[in-house]
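Below you'll find the structure, written out as structure tokens, and then a few comments.
Naming follows writing order (A, B, C and D), and every chain is counted from residue 1.
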């Protein structure tokens, strides 16, 4: 068959289709990012060709968040001689090829943070508005993934332009079109008609992936239990191990906290107001005139986890933990947010 | 600030050190010449400036290890409005503070044919042990970006801020794969203040802590980690007693582990 | 007139802090000349004792912030000889580039920041830059490429972190080396132009007899391999070096110094190297030298600046050649710890640098000895002043002081390097 | 180009700054200044009592500072003109202290919810400590301008000399407000007809009753905690007690995370909260 290029269409494609989709994104002026296998993990890099893509999800180091919320950005520049302010917000054309469902959920959480309130953030919006997503469903769970517990995976059924699920035989993928743009990316592509069996395979694989998850966390009533467990001795136990290095928060796809500061060049001609990632885990985060709100490591650690598993629900009605497992992988002290959640609620 | 007389007067002093923390000024290449337009480089022996004080902003490299150092740092303090310790030596005493943990007379004999001619203190200490200090910039050597930020802050009239992030975060921003997690290397980045840009881990080597302890280092947990990774007590001791050996946190943690045998 | 003591309290534009004292009699004839170094001792040879051999290169590098690479590599090369580690060809080539990067950084710093103000009549680079911005910019660009090379190979220019026993923790990708070659080529014009401009400046003509010492290698301009030769016929291996070079202290006690076993003072550094190994400079450097009628050996210490400029040119050219020849494939050297002792010689920017270690079968350092170039030059510097003083002592104090400072600066003495320094009790 | 408040809130770039010109700087106390300001573009700056601006001295940084003037203007204050009253504690406030009439700085805002004046239809008790009087002053003026209910103001500062707006106190009293003042300590010999001691000590003299009133409180957090505790003991229901919290803020728009306390954001959910809403939070990891 040949794809018409409409939202709602489905078909079975081979890996060669990826090249075509990537090429079309690039033709349309998008810088396309995907996970490339490097040093034993998947790292989001600009893609040359689809061949570079690694299909196995390994979590990677930084989440693709940096594409729509960069680690550091200039908000405006100020000419110290003329006193003129310049803030040019340029729309950015980026696309992600192979983003996973958990990261899509994290993106949706950030959308609420940056765009949902009274003051939509123009810098975020400029990167977010035109952001095609080619999503890979996860047919295998990583060791530390608990998306199925958090309701953010392993499959996705909304907010994608294209959705790709690997079927049983290697090199066969179920392709689902989720938007007009997604359609354009696959119009006229040669493909096999997707049969019922293919859907069955998809669902079975996703169910298996969820069932085989090695990390789990029961979320029923979790915020209340976390609040009640604020004084649980386990906090002391893990904060004795915790380095306070903030690795966990730095790899979290939903952390959004920031510093805003002024940077002036050496010749004092120009000041740039910048925003850069910051985290409640840093000592400097809670510092105020005459003290620090979270001087103790235990308070910083608890803020991080409480925010993810409790406070975010009060703030946004959803967990700001999407179960991606990155903070677990990269914690040099082996501290595990899912384990913590289980312990506090008494499941572990 | 057009009138020359109104330019803030900058000074750079050297005490017991390797000169490596003065070099970042000279390595600022073209910026150093721009700098000279907005600031008067009043004292900087290595760059040929030797005007007398007072100075508005004095950067001090080097630790205090003898009577003459102690006398001179007091004079520098008197003459300087803002006094900043730059680098491991001025902040903590430097690599040469390793001698603080060894018997001086033995050291003298090990190095000099006529040890009786040697006059110095038994220790090399950071300058804050002798005078009050307004700012500290860590590193071995200090980072030139930190120096620039400091100077700019002073010129703009704001209190300079020194970040309390860990080396880990610099690693993450570079998308390095964590050496502790992936390779079982006892990398000290988790305890070490940022500033270097995670140099060592970016070059496949564990951080050895040259920017000194971070804001709230969990030394005990790190020692446990080292043990899990198979390091002996003696090796753990030497990890803390290395380039930055005289920072309180590292010094004390070293003492908690068996000291190295000194054979002679 | 009455007897007087002229004192330059703090030598400026040298690396470290030291001073000169000249005693003059009623006729203003010099009685005595002393170089005081008030850099306190740092006991590096003592503090590395008892440490694992793998750890000491990073400590020893901190002897000197200006040429840390030569300290690191000198240490590693001595240890490799003990452990029987043979560095691969690519490592040997990259190490030479690494060493030459120190020549670029250190010589440029000396030529443009420290010495040039003397030759053009300014107090310091800031004044100089006002009127000679072009020349200064050339210097800054050349210095920068030295730093860039060191950062590429060593992660940072001061106290780099990648050099280990057997090689590097990680090698830069070939593409970056190729990029570096292009940058080195771009800088060659700067080096030539600076040499031409500075060679045209008037330098004091003054030559005395002196002995030069430097590494020599039949196939290249030696920086880390070969034998140590002197202009009076010595030819020594690293292990023999300490037997012929004597460290001693002087009664007025400022720093350890060196002399040959014969009692003669000698000079190491760029002028010594170029004088002894002139023919081995890279081809374009040699051509430029002959076009400018620069001939070596040259016994005028004031020509040191020219020797440095020739070495800057050479460093660019030779680095290009080494980088082209270096394949880059990851390697991880393996070795076993064993007891032993060995020495190494390396040509640091300021001259020959000697290391010797003895380690036990656990790899712990039992004994260390380091002889930096400035230690070797100190007596020779004083000798220069002593020989020059009668001819210039008629100058008014300020000019005399300045002339002496210039003469000291010929050696670019690095006082931080002089690890064997003793504090003088200054009256 | 006069924009409505809604326009401003939904405007193109809420993070973009607007220049203001200093018309006057008035030294209130040794470390507190009141700046009288006007938007450089001539438009009227609209806000509600208790709201704040993010104030920038570019190159130095940004700080959250409440408006201290009557939003409707007063006889002394022309329309469109507004005030900030600022205590010098750090970088930005020190840089502001270096500015003079005619100089400019930058603002964005207004941010935050402000005091629930509409709700406070009965009597109103205002309790302020130190610089905390500044964010309450707009509310005082609005009350004086309209509401017939009783208005009592309890105010404490370190010393009598540390009280801003002293020359306005008689005006407030003439307008019908009952003013109870206290200083932590008064200089010996200085004339100080009021109390010496903590502001909580004044609570016994309060006439406004919990039955038909509200309380607005602003001051150092320790002071607010003890005041709230004392009020609760006196039977004030937590729903009728309002506190203005202070947290570090970088953005003012709920994204920098600095001002979170559990699940509230001081910048937008506050800075004014009913004690009922934050009671649990104030106990925990503030």
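Note that a residue touches a chain if its C-beta (ideal position, glycine included) is under 8 Å from a C-beta of that chain, and two chains touch if they have at least 3 such contacts.
This one's a predicted model, so the numbers in the text were calculated from it and none came from an experiment.
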Chain at the geometric heart of the assembly (C-alpha centres): B
Specify the chain pair with the maximum number of C-beta contact pairs. B-C
State, to the nearest whole Å, the distance from the C-alpha centre of subunit C to the C-alpha centre of subunit D. 66
Subunit A-subunit B separation of Cα centroids, rounded to whole Å: 38
CA centre of subunit B versus CA centre of subunit C: separation in Å? 25
Computed distance of Cα centres, subunit D from subunit B, in Å: 44
Residues of subunit A touching 2+ other chains? 261, 264
What parts of subunit C, by residue number, touch at least two of the other chains? none
Touching two or more other chains - residues of subunit B: 156
Each pair of chains that touches, named by its two labels: A-B, A-D, B-C, B-D
Of subunit B, residues touching subunit A in the complex: 28, 31, 34-35, 37-38, 148, 151-152, 155-156, 161, 163-166, 168-169, 172-173, 175-178, 180-182, 189-191, 214-218, 220-222, 224-225
Subunit B residues touching subunit C in their complex are 14, 16-24, 26-27, 29-30, 33, 36, 41, 45-50, 65-69, 94-96, 98-99, 102, 106-108, 110-114, 117-120, 124, 140-141, 196, 199-200, 202-205, 208, 210, 238, 242-243, 260-264
The answer for subunit A against subunit D in the complex is residues 75-76, 78, 80, 83, 85, 87, 89, 113-114, 117-123, 230, 256-262, 264, 271, 273, 275, 278, 280, 285-289, 293-294, 299, 302-303, 306-307, 310-315
Once bound in the complex, which stretches of subunit B touch subunit D? 156-159
Of all residues in subunit D, which touch subunit A in the complex? 9-10, 12-17, 56, 58-62, 89-90, 104, 106, 247-248, 250-251, 253-258, 260, 262-265, 268, 284-286
